[in-house]
Amino acid sequence: MLRVAVAGASGYIGGELLRLLHGHPRATVVAATSDRFTGRRVDGPHPNLRGHTDLCFVGHGDLTGLDLDVLFLATPHRETMARMAGFLKLAGTVIDLSGDFRLRDPETYASYYETPHTAPELIPSFTPGLPEWHRAELATADRISVPGCMATAGILAVRPLAEAGLIEGEVRVDARTGSSGSGASSGSAGAHAERSGALRVFAPTRHRHEAEIAQATGRTVRMTATGVEAVRGVQVLCHTTLAAGVSEKDVRSAFRAAYRDEPFVRIVAQRRGLYRLPEPKILSGSNFCDVGFAVSGETGTAVLIGALDNLVKGGAGGAVQCLNARFGWPERTGLEFPGLHPN
Amino acid sequence: MLRVAVAGASGYIGGELLRLLHGHPRATVVAATSDRFTGRRVDGPHPNLRGHTDLCFVGHGDLTGLDLDVLFLATPHRETMARMAGFLKLAGTVIDLSGDFRLRDPETYASYYETPHTAPELIPSFTPGLPEWHRAELATADRISVPGCMATAGILAVRPLAEAGLIEGEVRVDARTGSSGSGASSGSAGAHAERSGALRVFAPTRHRHEAEIAQATGRTVRMTATGVEAVRGVQVLCHTTLAAGVSEKDVRSAFRAAYRDEPFVRIVAQRRGLYRLPEPKILSGSNFCDVGFAVSGETGTAVLIGALDNLVKGGAGGAVQCLNARFGWPERTGLEFPGLHPN
Amino acid sequence: MLRVAVAGASGYIGGELLRLLHGHPRATVVAATSDRFTGRRVDGPHPNLRGHTDLCFVGHGDLTGLDLDVLFLATPHRETMARMAGFLKLAGTVIDLSGDFRLRDPETYASYYETPHTAPELIPSFTPGLPEWHRAELATADRISVPGCMATAGILAVRPLAEAGLIEGEVRVDARTGSSGSGASSGSAGAHAERSGALRVFAPTRHRHEAEIAQATGRTVRMTATGVEAVRGVQVLCHTTLAAGVSEKDVRSAFRAAYRDEPFVRIVAQRRGLYRLPEPKILSGSNFCDVGFAVSGETGTAVLIGALDNLVKGGAGGAVQCLNARFGWPERTGLEFPGLHPN
Amino acid sequence: MLRVAVAGASGYIGGELLRLLHGHPRATVVAATSDRFTGRRVDGPHPNLRGHTDLCFVGHGDLTGLDLDVLFLATPHRETMARMAGFLKLAGTVIDLSGDFRLRDPETYASYYETPHTAPELIPSFTPGLPEWHRAELATADRISVPGCMATAGILAVRPLAEAGLIEGEVRVDARTGSSGSGASSGSAGAHAERSGALRVFAPTRHRHEAEIAQATGRTVRMTATGVEAVRGVQVLCHTTLAAGVSEKDVRSAFRAAYRDEPFVRIVAQRRGLYRLPEPKILSGSNFCDVGFAVSGETGTAVLIGALDNLVKGGAGGAVQCLNARFGWPERTGLEFPGLHPN
């Protein structure tokens, strides 16, 4: 059994890590940290874990000397880069879920996060935590940076066509997200009476995940992000222009070639039925990212669609999948939950 | 035109008062107070009023010398009783929506609000703001205390049978409420991710509105209050025991006798159809309280049901109806909106 | 008082027409038709009208000889064009809410509706029912065709820039709609357990309203339509490329020039606040279409946003506004409801 | 591996059985029947199973000769009793999720189901499928009848006090349920626009599950059932009168004595925190039934609360737990999913 710990474990991503790691047959959670909840039971902020664990939160300082194999970081951006040097001493493998080590270019980081990067020298040592595109590197990676939730959906939806040279020009991404993406401390903007039923364009331009999709696909990306009525769930609609002569069959083939053997990517592009394109409704709790497409043959445009649970495949589940990839276990280990329908 | 003002106008009840008074043909809002938003436009916290008014919030102190006819109080309980003596000097008629002057007995107040009443001498001077049962008194009342949202639904559902002597024993009230009932500052308990989809029994016993229903009906009342997935809306299910020999026909007759000519109470107790008993879904924005019942003939029990929009009939709309009753205008004045379906 | 009737009055648009016309000071509803509900009360399928009207549905045939001034058509497409010749004999003014007379080109109609147009000779006689852009024509129009709900939002969002020559290239429209847009007979796809929480891309390409926006703006339009968790409400995000040298100030000026004096279009493009861009959450029941924009200065792109209540400004309310425009009444007549917040 | 089949597998309970049995380490699903979907893939109506199974539906007749160990019945009531004799020949163990064999008294059945029981001679041979109260019998039972969803919650909430003699008089049950409880064919009453946001008292008296709770607790039960805004989830509030001298401590002790070692019942009755009483929000997908209570000391009344996922613990999960109990496996086998938070 690997000895693992979660830093920043009282938030939503942290809670989801605890849930998944608790059910993982190869890992034992030896510590979960929280500044705010130190000394209290983890099933307080995470009531779904009642009856599953008696673990209590410890302070960040208590991680020292725990002989950790793996440390998961669910700490806020900015704070994470400031403390990364210390974190790296605590465990052989560090899997970071913050935004601080996703962008390769410190200037881009500074532009999108509106603060200079304080540990740029560490950036190159991190491997992107997306097994579908970095599996080989992950097998030996000791520093892993898991992409953002909307970025994961966007990259998985766009990259097959981008890699195959089937699209040209800008990609316009329309991203939709549930309220859990704002975290457990969302303030008055997140009050139920205000957030319920919202279609809130909270980032009409320049959302941070835009830069990640651009970096991973090599395309210019323009993204809008809208908060929709849901707790969990992300969906992206990526409007693209197809290169001359590209047919729907070519598009389908590119997706198949990319994801045929993937354990957690399903191609959903059916002619009929209720769930014929990806949507997060049936993905809550699961580690799937469903991807699909619709081609407008006459005009040479395609809409590429991705959907996932932002706290699982777009966060904690993606991180556990990286853990599995890193240690050579079957990637579905601990991630078998198929999602619920109806839900 | 009457000159009216709203104290505590930045909250949800305050905003609803502004909406209704703005559309009222006999009243002009000359001031709206807010500690927090002083100097800012009222359509900031109340974006539905954009394009309807250019009013800005003033401080409480700015009410002096405004020559007000009517002052509406949407201020918090406890603060309201502390400042009531001052409020009463500002306008000929004061309509209070706080909880401070609803309970006639200061001891009961102290027990339910867990604080002593600081102005008990003023309590007897207030008339209950429920036109259906206090119309004559309201015609000359200068101090009006509007009942709580769940209390309004409960009183309107139970009182016809209580008055007619058709029920005996305790009344068990199961109350359900949307998130707007917690006000605009609900804290982390009100965060969308936590509150969405909730069935939260936040008051399994001793909710304050229980005491109001008991006072108005003369029955012992046991009430539970549950937060449900909705922004607006209150529904109460009141489980009662019928007196010996009371039939469904008697129950219906009692409701008809009580509410036949009421402008804002509809009796909804149909044999078929989708909306055959009261529910708040179709009442948002309207001043109706729908009441209904179901009798279990063989056992002598009845469930009495009430539903309303907590911010309208259970708050601001009820207060405006009192205004109309006080000044002898048709009670529907400014309150004609019929509600939406579907919604 | 004008004598008006509604054909196809048992559906959601029909019910909304009845609600608005019932509250209209210049019109009397003399008949409401329904094949399915003939002889039954209109407040059966429209329970919000309880206590407001005792009207019962009649058959379509019963419209003859009623001496109607205005006939509103909320009948299905295809059926409407087949019966239009007959409808036109029944009233001096016909206001059609079906899709059959919106597209000027019968070939385009045939392509988008997948059926030939059976009354192409009548198309030119209809005036588009969008007062913001056709006010002068509407003042004398006897045949009015109200645009689709998503089309109304899209046209109002895009046309100011299109007319001013500020955009170039294709417009990509991301449209989101609540479940009431599917009508009262939505079948198993509309079952709550399946539709709740959905982000259903039901029309990834070729939605019919796409053709209306293209026709009204002169731009090539690519639209996707997604069903979101809501009953009422439409929001469109229109991704555009700005012409060289166009600044945010130019964009704002174009919107102001177009809508400065409009009673039902509000420009919502604020720097801060919760509701700083248009969203339907606060528009339920109101006739407003809020429009806004976000410019990405460095790249010369803009997202234009429109939001409305699909059953009001995107349907029945738009039709009543046309009625007012046609008969020279203030356009706000009968349409004053400001919407609710929170909701 | 046990050979199991599911009859009536295209509905929501059937789909949930397939999901759980697919992940069960001791069982193989060899057949799933559906009249309507014969020959089609099970992941059509159950899209969450995509990538998990290639199973296709067969007809009921195709169950013959399959050498089944266990047959689960998710067939409609009335149809189930008519065909039970045939079903019993197909497998050594039959686990019935219909309502037909839950009530021991055929007269009670006839009264609540409004149809005579057509196989009353089979009723005594069925064991109630509630391991918490029938574990010993289940270990050898070949015919098991799983209780209704609201009945399961009600029995688990009330029975500890009823068995211990701590309550007297009637029990008033306020039950709330999500839309999935109406099944996959709910008709126009279940259309999203009508059902969304509902607080629909669809059974003010005489709900069938009332009779089950009465039978299992020996108390007279009066139950109302309300449809609330949720897809999954049941919650019951059971208003009881405590016997003289019974304290909160006695109540807690009775719950502890009953459920201390239960794998799927958690006692949730905390003094503080957000989730201090049971609610279904955090139980989706899990097999837990949370139970709790609130005592009004001064008056001798108690509210007993139960919550569960109607498709899992209140249906398919309960049935799988019975399977485990029947075959001597740990009861958590295949049922480990802890539920999601937030959700």
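We call the chains A, B, C and D, going by the order they appear; numbering starts again at 1 in every chain.
Going forward, a residue touches a chain if its C-beta (ideal position, glycine included) is under 8 Å from a C-beta of that chain, and two chains touch if they have at least 3 such contacts.
These numbers come from a predicted model, not from an experiment.
Q: Applying the touch definition from the top, give me the chains sitting in contact with each of chain B and chain C.
A: Neighbours common to chain B and chain C are A, D.
Q: For the chain pairs C-D and B-D, which is connected through the larger number of C-beta pairs in contact?
A: It is B-D, judged by the count of C-beta pairs in contact.
Q: Return the chain whose centre of C-alpha atoms lies at maximal distance from the corresponding centre of chain B.
A: With centres defined by C-alpha atoms, farthest from chain B sits A.
Q: Using CA atom averages as chain centres, what separation in Å is found between chain A and chain D?
A: Using C-alpha averages as centres, the distance is 35 Å.
Q: Report the inter-centroid distance (CA atoms only) between chain C and chain D in whole Å.
A: Taking the average C-alpha coordinate of chain C and of chain D, the gap between them is 45 Å.
Q: What's the distance between the Cα centroids of chain B and chain D, rounded to whole Å?
A: 38
Q: If a residue has to touch 2 or more other chains to count, which residues of chain C qualify?
A: 12, 180, 188, 193, 196-197, 231, 274, 342-343
Q: Can you list the residues on chain C that touch chain B in the complex?
A: That would be residues 12, 15, 19, 22-23, 44, 46-52, 180, 231-232, 266, 268, 273-275, 282, 284-286, 288, 336-343 of chain C.
Q: Spell out the residues on chain A that touch chain B in their complex, using ranges where they run on.
A: Going by the criterion above, the answer is residues 12, 178-180, 182, 184-186, 188, 190-193, 195-197, 231.
Q: Where on chain C is chain A touching in the complex?
A: Listed in rising order, the residues of chain C that touch chain A are 172, 174, 176, 188-189, 193-194, 196-201, 204-206, 220, 222, 224, 226, 228-230, 233, 235, 237, 239, 274, 277, 279-281, 294-296, 299, 301, 303, 305, 307, 342-343.
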